[in-house]
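Before any comments, here is the structure.
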Amino acid sequence: MKAYFKHIYQAVSSIMIGMAITFKQMFHKSVTIQYPEQRLQLPERERNRLFVNMEDCIGCDQCAKACPVSCIDIETVKVVPGDVVGKTGVTSQGKKKALHVTNFTIDFAKCCYCQLCVFPCPTECIYMTDVFEFSTYKRSDLLYQFSDLTPETAAEKKKMLADFNVEQDKKKALAAEEAAKKSAEAKPAENKSETKKESDNTKES
Amino acid sequence: MAELRTEELTINMGPQHPSTHGVLRLVLTLNGEIVTNVKPVLGYLHRCFEKHAEAMTYPQVIPYTDRMDYLNSMSNELAYVLAVEKLLGIEIPERVEYIRVIMAELQRIASHLVAIGTYGNDAGAFTPFLYCFMDREKVLELFEMVCGARLLYNYIWVGGLSHDITPEFITKTKEFIKYFRPRIKQVNNLLSYNKIFIERTANIGMLPQDVAVNAGVSGPTLRGSGVKYDLRKEDPYSIYNKFDFDVCVGTGEYGTVGDCWNRYIVRAYEMEQSLRIIEQALDSIPEGDVHSAVPKRVKPVAGESYVRTESPKGELGYYIISDGSLNPYRVKARSTSFCNLSVINQISRGHMIADVVMILGSFDIVLGCIDR
Amino acid sequence: MEITEIYNKLKKVFGDGIGDLKTDLPAYPFFFADASKINAVSLFLRDEESLQFDNLSCLSGVDYDKDNLAVVYHIYSYALKHNIVVKCIVPKSAPVVQTVSDVWAAADWHEREAYDLIGINFEGHPDLRRILLSEDWEGHPLRKDYKVPEFYNGMKVPY
Amino acid sequence: MENIFTQWFGDNLLTYILIPVPIIAYVSVFALYAVLAERKISAWMQNRIGPNRTDKFGLLQTILDAVKLMQKELILPSRRDNLYFRMAPYIVFTAAFMGYAVLPFSSVFIGVDLNLGLFYFFAITSIGVVGVLMAGWASNNKYSLFGGMRTVAQIVSYEIPTALSAIVVVMLAGTLSMQKFALIQSGGIFNWYIFGGPGSPIKIIIIPIMVVSAVLLFLSTLAETNRTPFDLTEADSELVAGVHIEYSGMMFAMFFFAEYAQMFAVSGIVTTLFLGGWQSPFGELIPFLNTPVFQVFWFLAKGLSLVFVQIWLRWTLPRVRIDQLMTMCWKFFIPIALVNLFLIGLYIIFA
């Protein structure tokens, strides 16, 4: 019998306590943030959309290697002597850029915002910003191209490198031929054809 | 009168069910409202963590561990990182250890708040759920301030941390501790000591000590059964041996030791202890550089290590085999919820459907951790 | 209790069923046990008064080397607070290990997982089904020679 | 006192067509705004804002919700029991609505002042359970069926404490007419039945009994409306949504409205029996406050504050389990109600 009334007492008292708490809470200020109109101050370390400052990028591929989900895709073209990358050819810290970055895409559909790509960057050109509103209707729109070269210039640079390579090869071939000639002079006859073949090979490659 | 034909009813609870905490599927066999058999079906959230890890370098695995038990990423990272550090055999600066402990304990509070809140929600009380989430939000804001992310931090690195903490963080954390103590009491009064809640959870899902130990149950679920076993005390990793705190066990204040209520209340007690640890750590945190011990490239020698830590949900272990290359040869996660969930069939037989929900909630499972 | 003591005790009882104690690797010392005796070994570990290994912390299936699979047992004792690591090696051609799920209930799901992902058959397991992958999955993905299937149930897998 | 419509239009068909109009209007408006109130109050209790995007304070929220629900496609389970499936929402809604017929809104306005009013109310609101059971059965869903079966058990059981605690007042008042209950309790707050009703000062000894009875009636009618902590029909964390699972669009809205309509109906009963119905709490002190228009105000004020308590309870308490619900009914409510009844009997004999 005692337990019976204790039961009732406990039920009533605990319910009363609970109701008092919820009633008190009614007069507290609401914690809701009405998002589009009202925004939180984001901390400065906020990790959201990546940004790449192409002025400083030297195309070293470190970030792409660090990425656990391989969402960074970098394609580079070697600089031909006489040509400069960007306007100055150096980063803001004075590092020389030796590569044209023809393609620097980050797929934000894959990105997991882990910040692993930020730390290995030698020029600190890739970093996370506080932009978090970039949803799109198409998944392909989440593929961001950071390279400042247009496809045409990229193709041009590629062609320049190819031409340069061809020229180099020609020079090499010439040098080789000359060397062959010299050696042929020294040792005539059968070796000649072989060296020729070799120079052909270098040309092809 | 002829005998009425009766048969057992099979009901599919999940994968889409409000209280299976994710995409767990329970095939319940019912006799009326009484459950005669529970068959858990896992794997709806399987993301091949272990297979992925074999193709990653050691630091790259850390974001994947975040996603295992996504409610306590810090503890996952800590366990994994400790295992890798054991392989590498490197010394960690004191400051790093302190910050790790602070983070892990804050994470424990956040995780327990979700556990308590969702448990209330399972019981049908929605208001405590939101109160808990309000407080959890404050913890997440602290994390956001330190590492920029709210849920998946990638904060604890092999050999260090991604960022040092700021003085602002310390003051904010102290403020939070001051704010949070009365809030624990409030939630306890609103939910834990509510008669209806006690009725719903006391003497439900009895998990006796010997069964619990034998089934590899760990964490608050084990301590709810009265086993005073906390890896932070028994097998101290990091610098937990420097702090003074109590291991909370289910006391049987209501119900009996080993039931849902005791499993639940252990979490409420533990939050208090976590606050104590954080306070001590904040007061005695030394100066130092958090990046000093971070290796340039993580390339341990061939070997293996197994480290187990006390994550908020229980014993979280990482078994890492290295073959001397940049990628781990094998990473096996001994996930807590996986082991805890395995006793569900045993302890929910003979209870009602509503109790199965309560039993499931009292384990505080996270499907990301179970399915990996 | 020290690992060597535990090891010696086991060696005395099981003789050839227990391999050498390996302490040279940068890992916790471990020893191999015979896959066909592991059940008896673990029962001994659990029930022997001076050992009392009441908790199987982790059971992992490992693709050990080119020809072998392994099961690694991390066993702890709540009562006496000591631990050991036991490994069982089985050839890939016939990966059969005795179950320990009747010794430690914790092993039940772990063994199912090892069966699912590595393909180790546990002899005497009451309910050896796939646990994480779907029932009609082919192959055991955590083996090193596993090929990602191009088709699953007739559907092309995009990656 | 005559119904005001009868006074105006005489005792003819027009009157009987006109009388339900204000009631229907009230029920619709109430149901719409009770939903909003519930959402707002719960939001405040949880430190949120609640609906605030439609109109100033979200005033149009539920109206627009209703419009949306009307536009929605009715998704019907293919293996339903068609007739029952379609009938169920109407039965539930009708039952909830018919209870309003005997609620005395004012001394001059009541749907119909039956001399068996209270009895009629309990009888007619119980019909709702048939609808719920139909819905549970016809949905061809195991969760729905569970919900339906639970409701039947629940409502049938809770009829008993409801009736027993109402009989306490019936014994004191000696009538079953709703209008008479309200009339008897005239003369200020201390003549309400929760304070022992009108009579000599000796009634003070029955005040605790009456308070307990009032609470019992409130709680058991709450159980009949299937709201938290007694919402086992829906039990969204166990049965997903119980009988509502397979209903969509306007059919679901019917259930939804029925629940809110019933909330006020049962509050009206508690108000009439224990809180003086439409009587002003000041009695004859301020006669102005006892005019028929103000009576409507008092009735609604009392009823709505009870509705507030219902909402308040819902957002504070966890849900009970089905067997505990039954335990509560058979081991606590009914014995206590019987004891109350016995004591009141003694009081009537000796006082």
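So that you can tell them apart, the chains are marked A, B, C and D in the order they are listed, and the count of residues begins at 1 in each.
Throughout what follows, contacts are C-beta pairs under 8 Å (C-beta built on N, C-alpha and C of every residue); 3 or more make two chains touch, one makes a residue touch a chain.
This one's a predicted model, so the numbers in the text were calculated from it and none came from an experiment.
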Chain occupying the middle, per Cα centroid: B
Where chain A and chain B are represented by their mean Cα positions, the distance between them in whole Å: 34
Chain A and chain C, separation of their C-alpha mean positions in angstrom: 41
Whole-Å separation of chain centres (CA-atom averages), chain B against chain D: 44
Distance from the mean Cα position of chain D to that of chain C, given in whole angstrom: 63
Where chain D touches two or more other chains, by residue: 45-48, 315-317
Per-residue multi-chain contacts in chain B, two or more chains: 127, 131, 134, 190-191, 194, 196
Overlap residues in chain A, where contacts from two or more other chains coincide: 7, 15, 18, 21-22, 25, 31
Inter-chain touch pairs (all): A-B, A-D, B-C, B-D
Complex contact set, residues of chain B against chain D: 9, 11, 17-19, 33, 120-127, 130-131, 134, 190-191, 194, 196-197, 199-200, 352-355, 357
Partner chain B, residues of chain C touching it in the complex: 25-28, 54-58, 60, 62-63, 72, 74, 78, 81, 85, 104-110, 113, 117, 130-134, 141-142
For the chain A and chain D complex, residues of the former touching the latter: 7-8, 15, 18-19, 21-23, 25-32, 34
Residues of chain D touching chain A in the complex: 41, 43-49, 312-313, 315-317, 332
Of all residues in chain B, those that touch chain A in their complex: 56, 59-64, 66, 127, 131, 134, 137, 144-149, 152, 154, 162-163, 186, 189-191, 193-196
